[in-house]
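Each chain carries a letter (A, B, C and D) given by its place in the written order, and its residues are counted from 1.
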Amino acid sequence: MLRYLKRNPSLAVGIFLLAILVVFIAVGMLLTDPEDARPLSVPALRRPSWAFPFGTDRQGRDLFAAMVVGTPLTLRIGFIAGILGVTIGTILAFVAGFYRGAVDTIIRGIADIGLTVPGLLILIIIAVSVRGGLTVNQMALVVASLAWLNPTRTIRSQVLTLRERGYVEVARLSGMNGPEIIFFEMIPNLLPYLGATLVNAVSAAILASIGLEVLGLGPLEAPTLGMTLYWVNFNAAIINGWWWWWTAPIAIVLLVFLGLFFMTVGLDEIANPRLRRSV
Amino acid sequence: MRLLYIARRFAVFLLIVWLAASLNFFLPRLSGQDPVRTKLLAEAQLGGYVQAGIEDMVKEYNQKFGLDKPLWRQYLTYVGDTTRLDFNYSISNYPRTVRDLIAEALPWTIGLLGLTTLFSFAIGTFLGALLAWPGAPRWMRYVMPPLWALHAIPFFLLGLILMYLFAFQLRLLPIFGGYSPGAAPAFNISFVLDVIAHATLPALSIVLVATGGWALGMRGMMVTTMGEDYVTFAEAKGLKVSTIFLRYCVRNAILPQTTALALALGQILSGAVLVEVIFGYPGIGALLFQAIRENDHFLIQGIVFTVIVALGFTTFILDVLYPWLDPRISYQRS
Amino acid sequence: MSNAPSRRTVLASAASLAAISPFGLATAQPAAVPREKTMILVWSGSREGRWVDYELWNPYSIGSNHQNGPNIIYEPLAFYSAFADKTYMWLAESYQFTPDFRQLTIKTRAGITWSDGVPFSAEDVAYTLNTVRDLGPKVKWGVDVHQAMQEAKATDANTVVIDFLVPSPRFFFFLTYKYDIGIYIVPKHIFDGQDWTTFKHFDLAKGWPISTGPWKVTEASLQQKVFDRRPEWWAAKAGLAPLPVVERTIWLPSVGEQALAQALITNQVDAGFGMQPATFRTLFNGNPKITTHTGQQPPYGYVDWWPISLYVNNDVKPFDDKDVRWALSYYIDRGQIIDVGYLGASQTSALPMPDYLPLRPYFDAVKDLLEKYNTLEFNPKKGDALLSGKGWKKDSEGFWAKDGARIRVDIIGFGAAGPAMGPLLTEMLKRRGIESAFSMPPDFDDRFQKGQFVGSIYGHGGSINEPYGMLRLYQGQSVAVPGAHLVNFSHWKNAEFDKVADEMFAVDPADKARMIPLFRRAMEIWIPELPDIQLVQNFHRIPWNTTYWKNWPTADNAYVNGASWHLTYPIVLWNLKQA
Amino acid sequence: MSGAALEIQGLRVSFDHPLGLLRAVDDVSFTLRPHERFGLVGESGSGKSTMALAIMRMIRPPGHIDGGNILLGDTNLATLSGDAIRRARLAGIALVPQGSMNALNPVMRVGAQVADAMRDHGVSVSARAIDALMARVGLPAGTAQKYPHELSGGMKQRVCIAIAICLRPTVIIADEPTSALDVVVQRQVMRTLADVQQDLNAAILLIGHDMGLMAQFVNRLGVMYAGRLVEIAPIAEIVRKPRHPYTEMLIASLPSMDHKDALRGIPGLAPLLRDLPSGCAFHPRCPKARDRCTTERPEPRALGDGVLAACHFA
């Protein structure tokens, strides 16, 4: 495995960045008391110091604890929505791509129209309609409601190309029925591509959830990355010069997105070997 | 053959518009909130003094906005009005009509979004093409990694950082709004410069992020195209390097980029909503956010409908242009 | 140029990028006035940086809001400044109730003319009041006038006689401008025959809006509203008030707190809207000339008449039990809310009334009760005792529960106060074993009015200079005021209390001898019951730039409250002096 | 040697590979006389296509030309600088691509693809001239306006030929021009190739592996094995009496109309350039192999009648 990573630097960088994140969270869990992520735990608006490595926010949260507790929450939203999105997407893609016919046109139509509509707008409308405040899990479901559109489209186009390949014809001739072909022939070949699509879906889901949270439509108590940025904006932290309040979440968001981004590039190369030659 | 192709694409466009209109009608009503009541109560509360007789006032307003009719009647009038581009009054901004509000906000978004998207698409594509080209200058190698890194950041986060650096610390650029308060819009130089100054940070936060994306996409496509047989034969034909680069490689590699552009428009607008909200930019994004916050049914319907139609129309134009770009396409469809 | 919107289709304007200037293009650019004679302010009542209501100068029409400009156009019968406890008789020279308060005679001042030269008379006052009564729910204040007033007659050019359906000792005070409450007197010769709900009363060519006041609208567009001084103002001639030194005031729509801060620091703007405490330190070291009601010291503003409390829906079990409500009150540390939520720049509020001068005697009358039942006491042990006394026990995770159900207070909030205190309140309750969550639903007002909440952070639009306003907020039902739509957000019902409030309704507020004992009796019922949990005063923290203008209303020069959006703002405008 | 259309002297081309240097073309020399048709055959991987690209100086990294001269008339292409080599391509020496390749730009009309080649060599060309060129390669009028996907395989190949001859080069390299074409079209394309050679009086280097096709078209034939030229001889001579064992087996594997015995293939596989057998690369598969073959690499020796062979026992 290591030898392989040498030949695919993007994937290596991606995994490395996410590894840093995991280490940060693990070490963080040991060093701080997760309770400090709740308001009124520590004196407010302290600059970063030994006592508070990331400083503290206006509501008395220790930002280091908030990041250690909040980051997994945001990642969880991303992963739940991403995985849900890709699973539904893959099923629909195979149903459409493999069986074609009316089902295909309907699914393709919905996906295409869905993609032209700016996702965030629909998410905002849904988030606003939910009566009570959103919990982290509800947030994941809201984001997942649109997360399947892109995977459906991209995987369907892959299924169409695979469908014409020789070994699928051979499998069909040798009497394997639809699902068997899909599971034993097509999916194994699509795995790297599915991997890349999953990482992409997770990244898009995290982006959407942070977008919603920054607009104040997320779980107000949870110290997720998006909600921290909402409070940054609400308290005009920028103009008041509390720079540490937004540098920590933005640095972590950067780490998350860069990590996922390089992993996507790396996985793309596996799925599309021609790209590998000229990194 | 061509007309049939265009007709079919237009039918798809109309279908999208109709679907958008219907989806658009039901979504705001999904939330089960009564916008008129919210508006009146918010206004009464502004003065801290709760009006007696709120219930009766709500009935009056509902009547005026036609919200008291049964849902299906509302839908019929809605579809009728939409065909005439009349989206009724904006509840939260009464007495201004939704159409006027959109007409005021649309140019800002088109200006910001249109220019930044085209700009980043052009630069990104060119950079990506150059990067894949072995003959490209050395320094290209060093431009790409930062652009790639920037591509991973969401628009509005970069916006926050730029706002902190340029507007707050260095006080070079205005921090907020579409133009400085008090400046009356006119076609003189000072106002235009003022608008440009205000648009710089939002535009930068979009361009810096999007360019990396287009560059990466194009690089991938160029690598694939350069491996094609017709490029090798072009070289064998002794064509100039520039001819091979532009008319053989870029000309073919740009085809999937344009499809990607059509698909990306929707997502770019999503990002722009946040940029507009954070920078207080008076575009469609900020207007929609305010409409949703105040649950203004008609304004939400008007904006989402306009956005979908605009996007649908752009996709339609790209669809019609595509065969002109790639002759193979029209051939297959007929 | 007619201001009717041209029939431009959306797509056409989308195509013409040059149409950056919407059809609201300002007409002729008004004559230039030097910067030092111009007062520029920013008000956040606009929509995302645009005056969408720039055509609306009829404060009674749908969608109009007096805070966005009409408040300095229409002069009232009288102004009242709560800070100075002073009434400025204005269009009305004097007024007289009959002993049974069933009739009111108002003498209007002679020699006042509208800006189009037509003389102002009692006819305008009678016409205004009768029309408001007839329109009822269609216009602002309609229902209030409809419930109380039977008929207003102008017996001669300067006398109006008003007959009431029920004794209404507070009616003239209701007409008076104070904070956001008061009746706008409109010119009969313009408004007569118009549909008040849609009539805009805006046409610069015709000099509309017509006004008796010192300010004339010279420009109104999406970007700004410009008012120029009318030298021929009757009040200056009559010596009632000095002619404003300000020759032009420009009102700008807000695009957010950060932009306002920058504009103030760079002297582009002279006055702003209410800002968060944290931002003031940045303002002061950005521009030392910036000051507030309390100079450059916290709380950076004055006490608004709208004290904020944690409403608890008394219809929802177990919050119908006063011991549970008191327990909640004991669990809340008001000190920490002020330190963390407002960075120390706020004050506690023991009763749902502001501590204004005219209300002091009433506070003194119940001082002993407040000591016995301290509504601001932070004492978790007392709270624990109360809850365990009522059979609640802490479960395995430390939350109070009784036969399987935990106490849960989900709090909703809005605007600035909600987010500032919401997360802190939920945290304090959670630490004491009460489950709680905070959210800011967009339809906050709707749900709060309909009682669809458990906990809610909201203010009290009650009393300014006498307690009846506050008592009315907690009346379960009222006999005195027929068909009155009662407020009662906390859904607290007490027949005895209702009777006392009804009794006070018929008493002349000036008659302290009867008012104080009545108030005492009401508080003896209210305080032990504690329908909602008292928190803090609401502050208007307004930044003023003294580079060009001074003599802003401050703590030691409190001639009136300084809110530009209140109906008493003309007083500030004629008090400003050049720096 | 004056008078040769194209002379290759000791051409060496190798590729860098993580596992070491691969010599695709190892010290190959031969001469192409004007107006001559010279064939070059060999199993795939024997280096014949690499040779074509090397002659056109189109070897891309990780490959590189290590040495040898490429004399086109009196100019040595091996030493030409960047733009000079570009101008030489098509004007001096032209390439006809493989039949199976889609060698034409899919989004440009075929006529334009001829015009741009000439324009980049400073030759202005009218539409009428292009139509004439198309006619010369047997393409119907109006073909110039068509797009590649609107033409058949044979027609596309003829367009390539038209492009190859548009600047009247002295040498045309045809790298398996008829691969993936059916026999009928194959014949038409080869006929066109022959006709144009008449007009231009140019020399043709025909690369391929179809001995039958070679036998009907070329004057002389060269056989490549593992990057080396193992035999050169006039076509009649080589068919009658192949000298090198590998040529012998190649000829034997040809089906012939007159004798019907079983076909004999060549045992074993083409050697991997990574680990070439020592001495003569063919010795593991060569029936006449002796000890000497495994140690000493045979150099090509003239055997009279214009025949050269690189074998100790030819």
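By our rule, contacts are C-beta pairs under 8 Å (C-beta built on N, C-alpha and C of every residue); 3 or more make two chains touch, one makes a residue touch a chain.
Since this is a predicted model, take the numbers as computed values, not measurements.
Shared contacts of chain B and chain D, meaning chains that touch the two of them, come down to nothing at all.
The greater number of contacting C-beta pairs, out of the two interfaces B-C and A-B, is seen for B-C. In this assembly, D is the chain whose CA centroid lies farthest from the centroid of chain B. Chain C and chain D have centres, each the mean of its CA atoms, that are 93 Å apart.
Distance between chain A and chain D, defined via averaged C-alpha coordinates, is recorded as 54 Å.
We define each chain's centre as the mean of its Cα atoms; on that basis chain B and chain C are separated by 39 Å. Taking each chain's centre as the average of its CA atoms, chain A and chain B sit 22 Å apart. Across the assembly, chain B contributes 31, 33, 175, 292-293, 295 as residues in contact with two or more other chains. In chain A, the residues touching two or more other chains are 128, 238-239, 241. Residue positions 258, 262, 442 of chain C each touch two or more of the other chains.
Per the contact rule defined earlier, chains pair up in contact as A-B, A-C, B-C, B-D.
Only residues 5, 8-11, 13-14, 16-26, 29, 40, 42, 45, 47-50, 52-53, 55-56, 61-63, 65, 67, 136-138, 140-144, 146-147, 179-181, 197-198, 200, 219, 221-224, 250, 252-253, 255-256, 258-259, 262-263, 268-269, 304-306, 442-443, 445-446, 449, 459, 461, 484-485, 487 of chain C touch chain B when the two sit together in their complex. Contacts from chain A toward chain B in the complex involve residues 109, 113, 115-122, 124-126, 128-129, 207, 210-211, 214-215, 229, 232-233, 238-239, 241, 243, 246, 250, 253-254, 257-258, 260-261, 265, 268, 272, 274-275, 277-278.
Residues 31, 33-34, 37-38, 41-43, 45-57, 59-61, 64, 85, 90, 92-97, 99-104, 106-108, 110-111, 114, 167, 174-187, 195, 280, 282, 286-287, 290, 292-295, 306, 310 of chain B are the ones that touch chain C when the two sit in their complex. By the touch rule above, chain C contacts chain A in their complex via residues 257-258, 261-262, 276, 278-279, 281-282, 336, 339-341, 343, 410, 419, 422-424, 426-428, 430-431, 437-442. The residues of chain D lying in touch with chain B in their complex are 56, 58, 61, 86-91, 94-95, 97-98, 101-108, 116-117, 120-121, 147, 149-150, 160, 163.
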